[in-house]
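A short write-up of the structure that comes next.
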Amino acid sequence: MSPFTILPVLLPLIGGILMLMARPIGIDTQRILSLILTTLLVGVSLVSFQLANSEIYQVVLLGNWQAPFGIVIVLDRLSALMLLLTSLLALGALWYAIRTDTDKQGQHFHVLFQLQLFGLNGAFMTGDVFNLFVFFEVLLIASYGLLLHGGGRLRTRAGLHYVVINLVGSTLFLFAVGTLYGILGTLNIADMAIAVRNVSEADQGIVATAAVLLLVVFGIKAAMFPLYLWLPGAYAYTSAPVAALFAIMTKVGLYSIIRVHGTIFGEEAGDLAFVHIEWVLLLGLITLALAALGVLAARALRRQVAYLILASVATLMVAIGINNEAALAAALYYLIHSTMLGAAMFLIADVIMKGRGIYSDSFTKAIPIDRPIIVGSVFMLLGIALTGMPPLSGFFGKVMILHSALNHPWFAAILSVILTAGLVMIIAVVRSGSLLFYSVQKEEGQKTSPLNKSAFVAVFLLMLVSPLMVMFAKPLTDMNTQIAGQLFNGQAYIDAVLSTVPYGGNNSK
Amino acid sequence: MEWLIASVISVMTGCGVYLTLRARTFPVVLGLTLLAYAVNVFLFSMGRLQIGIPAVIDPAAAAYTDPLPQALVLTAIVIAFGMTAFLIVLALKARSELGNDHVDGLHRSDDELKATKHNSTKTETERSQS
Amino acid sequence: MILQRLFPHPFLTLILWGIWLLLNNTISPGHIVLGAVLAILIPWLTSSYWPEKISIRHPWMLLLYVLRVLYEILVANAVVAKLILGPQKNLKPGFLHYELKLTSSVGIGLLANTISLTPGTVSCDLSKDRRYLLIHALHIDDVEAIKADIHRKFEKPLLEIFVTC
Amino acid sequence: MSLLSFNLPLAALLPFAAAPLAAWSTRYNRLASAWVAGLTTLLTLAILFPSMQAVFAGETLIQQWSWLPAIGFNIAFRLDGLALLFALLILLIGLLVIFYARYYLSAKDSMGRFYAYMLMFMGSMLGIVLSENLLQLVVFWELTSITSFLLISYWQHRQDARQGARMALAITGAGGLALLGGVLLLGHIVGSYELTQVLASGDLIRGHDLYLPTLLLILLGVFTKSAQFPFHFWLPHAMAAPTPVSAYLHSATMVKAGIFLLARFFPALSGTPEWSWLVGTAGMLTLLIGAYVALFKHDLKGLLAYSTLSHLGLITLLFGFGSQMALVAAIFHIINHATFKGSLFMVAGIIDHESGSRDMRKLNGLFKMMPHTAMLAMIAAAAMAGVPLLNGFLSKEMFFEQAISASDTTLAAWTIPALVTLAAIFSVAYSLRFIHDVFFNGEPIDLPKTPHEPPRFMKIPVDILVVLCLIVGVAPMLLIGPILSVAVAASLQAPAPEFSLAIWHGFNLPLMMSFIALVLGVAVYTVRHRLFAWHDRCLHGIEGKAVFDWLQWKTIRFAKKVTDYFDQTTLQPSVSWVIGGALVLSILTFFQFNSPLFGDRALMEADVITILMALTLIVASLLTVVLHHQRLTSLISIGVVGLVVALGFVKFSAPDLALTQLSVEVVTIVLLLLALFFLPQHTPQERSYIRLSRDGIISISAAVAVFLLTMAVLSREYTSIANFFIENAKPGGGGTNVVNVILVDFRGFDTLGEIVVLALAGLGVFAMLEGLKLAAPAKDVEGLEWSHDPHPPIMQTLTRLLFPLMLMVAVYIFLRGHNLPGGGFIAGLIASVALISQYLANGIDWTNERLRTDMHRVMWLGLLIATGTGVVSMLLSYPFLTSAFTYLNWPVVGKFEVASAIAFDLGVFLVVVGATVMILVELGKLSHAAHFINVEDIK
Amino acid sequence: MLEWVLAILILIGAFFTLVGSIGLYKLSDFYMRLHGPTKASTLGVGAILIASAIHFSFKTDGVSLHEILVTLFLFITAPVSAHLMAKAAIHIKVKQVERTRQLEK
Amino acid sequence: MLNLALSLAFIMVGLAILLSFIRLIIGPNTPDRILALDTLYINSIALLILLGINLQSALYFEAALLIAVMGFMGTLALSKYLLRGDIME
């Protein structure tokens, strides 16, 4: 156990406090501080990643209490990956926010931002179900603030819907956690996994019900059908850097399904093993189909991008639902891709929107934007990546997922939905791209605003992730296979958590 | 007793859900508050119902209730309070930006229509301050 | 001077000290010390919320006053219980204006409270000029008797107890 | 490592590498990009050249590297006869097109972009034909779709170009995805995506259950790319592309990619009735439709496009015949078609370029103005029509022969030969039209430009191709024999059958068919005007594009309908979905298991008071619903709910919860009142009974479900980890109030998160309220003026009196919390309520004057203390948040406990105070910014 | 003896609490009902609190007097509540029973 | 004896709660409802203290104390709402 392990959670918390303290000094200080802190977090995440890169789990017994009595923080390969992804994404989003002055549009952007990271990282590291609830709340309330940052009619309405739906979700979370505690008598994920194995036949139904309730909760975050309805509005109407950061928010839901359901209702759980998984697959497929239709039906770019994100999340659900090591490895590859490129897509939608002036992001014929070739190329590449066309990462992720599904009884459904959805999205994105970049007309009196090059750097760098992911597909896949292997070996996780002894030997302090 | 508590939770949930499904922000806030109460009692009851044996260590005590759900509910209450506070202010913001208190900001309520009419005639009256 | 600053409201300090010991149900030395610290600290912290200095001329009279009020409450409770449980049509409710002699706001507050506490009367409003108290009585036989009672039993002692600086 | 070990990937990737260079080079010289493209093509040829000898010797070269072994995705390239034939076609015709385009493109066209796209397309095509790994092939396949989109939409300002490009991408992209599916299945059946193994597993594949889906998916890819019926319609619309693109993509290369796949997969997939029927039918229909429609196109490129369709159909049909000789004929015709159709497209481009029109109704008598071009056109068109001594004749004869032999096996023996002859008749007719209608047939009408011969160099590529038509036509074996032989062998994965390419095979049935076709073709052409009229009257407007557009429109409409159904940007359905979804999923899941609903734990007797209180709570909840239109009243009744809940906590051994609930309850009511001031006082009646009953059903279902869930758990026994907390609270945590010890010690991390939530709520509220403007009513609902007395003195006086007392209670609750019910939260709430009471009694200005503390500071201080307490333990190398306590013994004071948990709790206290006060006071300040509306005036 | 004292105190308290609520329930206008709770908050709760103080003083070692605090709080707050509610009722012109006398200064 | 008295007291206080709650339901005015809520708070104090005696536990005292304070705050806020609409100004 390394004391370092807690840092990914602690650093943004301290960061948030520092931001709050720095408020009177002014936004410039906050910006510098925020950039430094986020960069530091990238560093910390990298070290964590290195630390997790073994079969050894880093377990911290918070308060020095033996699990399952205290709360544990667990760093394994998956959580390390999520941490790294989050911090990199955050850095990009933060840079874009600062360079476009988004952070100046309201109060407390940087505090919210750091604490959002606190919530995310906490959710990725906690080994306790109720603590996960708490971190969900942290990341949610920070996201409420960020979502509403800057205000405006549509944003406020979307925010209201987002908040209400998530509050209902929090209620469901507590119902689920309560039920699980009421039967299993514990909250620690590893301990629950043990308890689930010993559940009597008479209690199985109720535990399964709680599992599915929990799935609904995570499904809301992950934007699973029919729980995704908050997403299009929320993502479309918030500010671009926030939307970009939100690309990781849906992944929290998926991560939680992998972590919580995967551990508690894993292979060893007897009749309860993978009680959730067919739902994930089925609902993932439905979500994907609806998302593709949404992409096609969108009347404005940001909404289209929101549905593209939804589609990528749905693809991930399908991959998780396939439920084998290869599929999970593929899912992780796709997760990295979808997070970074989804974020980039939101940012470029913002670039385009700002470039089009009064036409904003609506799909109408408008004036040409500044630097159409570079912006258009990046847009095209992102479109290719996100719709899963070769030669970028989306395609390879999709192929890996499909390959892993070859022996699945639902292969035909998986194949047809994924391929058809891909096609529909390609058609839609090509339509919008051709409208935005080709179908343009210069107009008197409508001046194009120049491209914000320094902000654009963030988009470009995020976009580069895709070719890099192709280039380094092999090491990435190897890594993902290792992660998936670790995840499918739930017993190792359980043993690691439950066998970690408090510092100094025992609990009597 | 359990039946009673279950009924209480159930009715609060039902009422909470019904109010949460209303079209105006204020009932929605009330609904979520009720839902929060319901789930808090639910979570609390998961430690089973015990009378007169609070989890305060006392040499004379023969037994203790399960303290863990209580701690969880305490956390949940405070979180729900924060969320309610946020939501109600958001409702105000929505009222200000959307022009009425419909959750979708769609249908202008009667008082709003009157207010617009009023604003257009510009007969704003200052409230007398004491 | 320093004492003045340290104990802006010595009487309050005393009360708080007592309250602390009451709260903790103890007179252990630790709590006596802690209570004293708090009883000094809190008035000091909240002194700005007390715009007017209250000084109590005869603390023992306050004690007497409290006992008297308690006694009055006891008696009035019985009377009013009978009124409530009896037939309603016998009740002759009404509003009356009581002219105040008290000027200290704490005094007025305490009087109003006392009036409300003794069953049968509720102080409903204070006139803007702070000279009249509007009182609702559950049953009025003789207005002047009620007014005289209030003055004799409550206002006079209060007038003696409080001086406003 | 020698070049020969990686020249194949190099060849495919070099054009990609050169593409940016081509784009970039135009900055310095407009023509530089053409040079880059040309030289790249030559270089690629040179790279492949060393391998050719081996291929002609019948070898198959494979260069592969392991890349994603987990899914069998290797980087693998293959050069055999078939690949070489196609690679040569791609490169050689590419070279000619590059040369031609340099003269074709006008000054305002961006050369750099054009050649960059061309190079990328060339690379993609090479990738397809050189791929050994099928997944890799799919990658290149889709790349051709993307690059062809870019090329077709090259003139992006033209709507037809954009639409044509989109349609091409939609169709071919769809086919690509189907191909991916087919390849995955193929890989699944064979266990490898390597062509070598797939081709060796023909019997396994044909015998597999998944054969038909695999075949269908792959053929979808083939038919879309090669524009076979019913996916043919994109091709004519792709003619909006610049003519060099049409010449290259739409005659010589891309449309042949599908055909290439047929040849490639021939050993693996062919030889079944499914294959014959599917491939044959598509080919035949395309052949006929293409030939027929071509005649009626007035646009030169339109005619060529449909003629291309027809020829592609011809080749497909040959594959459908499935015999080895048919394969020979097919591959031979691929070459021939590339040469004559490439040249014809270039001619059409020249005419367009020089006359400004491609409309055959305007173009007449051009022979006089451009005799050289006319000569070239006539030879190429004759080849297309199948006139002897030209290459088209040879392959067409072979085609007829195969059609006859294929018909032996079918019932209606004459059908196939008759149909192919019919197609040939039209082929002759449209070829004749291409020549006669353009170069003769009177004088030109209204041409934008006066036509004349193009620049000399523009004709060179056409010259070369036409000469090839002639040479192949006269001496076929000389030039084509060797490559055709190895290509056929590679395609068959077996030695090529004996074949002879000769001009004269004697008087036989095929020759007769050719003769009939020529004669009747001329006849049809002569009566064309009557045919045009008939066609216009009866068949005009039947077009694939219309179907496609209709389908696309329908799909979009469907998408919009579905999307709008779910995504209405309305809250209520979303919430209904969440709750309904949770209900449905839970119920379905529960009944998957054979568990009884209730357990057999002994239940507790209910007492009268508890029943009464429960009833109160139930009625109060219902009252909140019933009276929710009167908002203030529902607020009061929710107050009852909160109170009874608190009493319940007391009853069931949870004093801490009761204290918290009571405090939160009041703060919530104050909060709601503050907000309610700015909201309507009444909720309007909802009129939709459907919605009300729907919501009623959802609510009642939720209520029932929660009831069952609660009972299901409460009627069961459980064992929990609770004992540990009870046993360790005092010895390990130093406190006797176990709930508090859990909060500040065992699960302090939860608490830390929770105060962050609270702080964020405060900050969020602060941020939201910034600059918020709201109308405040100047009179109440009843139209009454507000009271003139904002701070009734009696309230003021006594509330001030209460203030120190409440603070004292807060301190008391705080300090005892570790051992008895209480703690930082509750104390914080009490302190907040104490402060708020001052705000209520004295107003914001008065109180703020006295409370000169920025709540931001209180919050960060609290967070800092709580976090700091946790960090301190790390400095002592204990985990984060490890607590410590000790007992001190001071004189006078006596023995007392000092615990770090108290410091943590102090942090909690401060955050609670900071956040609560901030929320309420910021909200209270809102009226400062409000403007007032007189409700009475409006009435 | 002690039990008797306790029992009587408890019954007195409960009785006056009940009387207060009866008043609240049955009296005919708001201003009259306002008198109800004062019973409950003074003698009602007071008597029960005294019973509690006595009970816990005898049950445990020390003297239990903190019940006095509840009374103190109630004595400070209940009248203010009543005062404000009355003021509010007067302000919004809540109806009085007709026989209510309006006595001028 | 004490138990009998307690049982009787519980019933009486329960009845008081019931009556207060009925007043809250029937109103008819908002001040009536506020008053009923206030009374419910006070009744609850009695109930809690009785419960404390019944369960022989001093742990419920603080709840009673808090009810006294919080009930007051609620009434204060609600009444002020009727008076001024804006309860903090």
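We call the chains A, B, C, D, E and F, going by the order they appear; numbering starts again at 1 in every chain.
Here, a residue touches a chain if its C-beta (ideal position, glycine included) is under 8 Å from a C-beta of that chain, and two chains touch if they have at least 3 such contacts.
Because the structure is a prediction, the values reported are computed rather than measured.
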item	value
For chain C and chain E, chains touching each	D
Minimum number of chain-to-chain contact steps, chain B to chain E	2
Taking each chain's C-alpha mean as its centre, the one farthest from chain E	D
Far-end chain from chain F, centres as C-alpha averages	D
Chain A-chain C separation of Cα centroids, rounded to whole Å	62
Whole-Å gap between the CA centroids of chain E and chain F	10
Centre-to-centre distance between chain E and chain D (centres being mean Cα positions), rounded to whole Å	70
Shared-contact residues (touching 2 or more other chains) in chain D	569, 571, 575, 579, 635, 651, 655, 676, 706, 709, 713-714, 718, 720-722, 725, 746-747, 750, 754, 757, 760-761, 764, 768, 776, 780, 786-787, 789-790, 792, 794-795, 798-799, 801-802, 805, 809, 820-821, 923
Chain E, residues touching no fewer than two other chains	15, 22, 34, 36, 64, 66, 69, 72-73, 76-80, 83-84, 87-88, 91-92
Contacts with two or more other chains, residues of chain A listed in rising order	130, 134, 137, 141, 144, 148, 151, 157, 160-161, 164, 168, 175, 178-179, 181-182, 187
Contact pairs between chains, per stated definition	A-B, A-D, B-D, B-F, C-D, C-E, D-E, D-F, E-F
For the chain A and chain B complex, residues of the former touching the latter	130, 134, 137, 141, 144, 148, 151-153, 156-157, 159-161, 163-164, 167-168, 170-171, 174-175, 177-179, 181-182, 187
Chain B - residues contacting chain A, complex	20, 25, 28, 32, 35-36, 38-40, 42-43, 45-46, 68-69, 72, 75-76, 79-80, 82-83, 86-87, 90-91, 93-94, 97-98, 103-105
Interface residues, chain B side, partner chain D - complex	1-15, 17-30, 33-34, 37-38, 40-42, 44-58, 64-68, 70-75, 77-79, 81-86, 88-93, 95-96, 101, 103-104, 106, 109-112, 114-115, 117-119, 123-130
Touching residues (chain side chain D, partner chain B) in the complex	569-572, 575-576, 579, 603-606, 610-611, 614, 617-618, 621-622, 624-625, 628, 631, 634-635, 638, 641-642, 645, 648-649, 651-657, 660-661, 664, 667-668, 671-672, 675-676, 678-680, 683-684, 686, 695-696, 698-700, 702-704, 706-707, 709-711, 713-715, 718, 720-722, 725-726, 729-730, 736-739, 742-743, 746-747, 750-751, 754, 757-758, 760-762, 764-765, 768-769, 772-776, 778, 785-786, 788-790, 819-821, 825, 912, 915, 919, 923, 926, 931-935, 937-938
List of chain D residues in touch with chain A within their complex	67-68, 70-73, 135, 138-140, 142-143, 146, 149, 153, 156-157, 159, 162, 165-166, 169-170, 173-174, 177-178, 180-181, 184, 187-188, 213, 552, 555-556, 558-560, 562-564, 566-567, 569, 571, 573-575, 577-582, 585-586, 589-597, 599, 706, 709, 712-714, 716, 718-722, 724-725, 728, 731-732, 745-750, 752-754, 756-757, 759-761, 763-764, 766-768, 770, 856, 859-860, 863-864, 867, 871, 873-874, 877-884
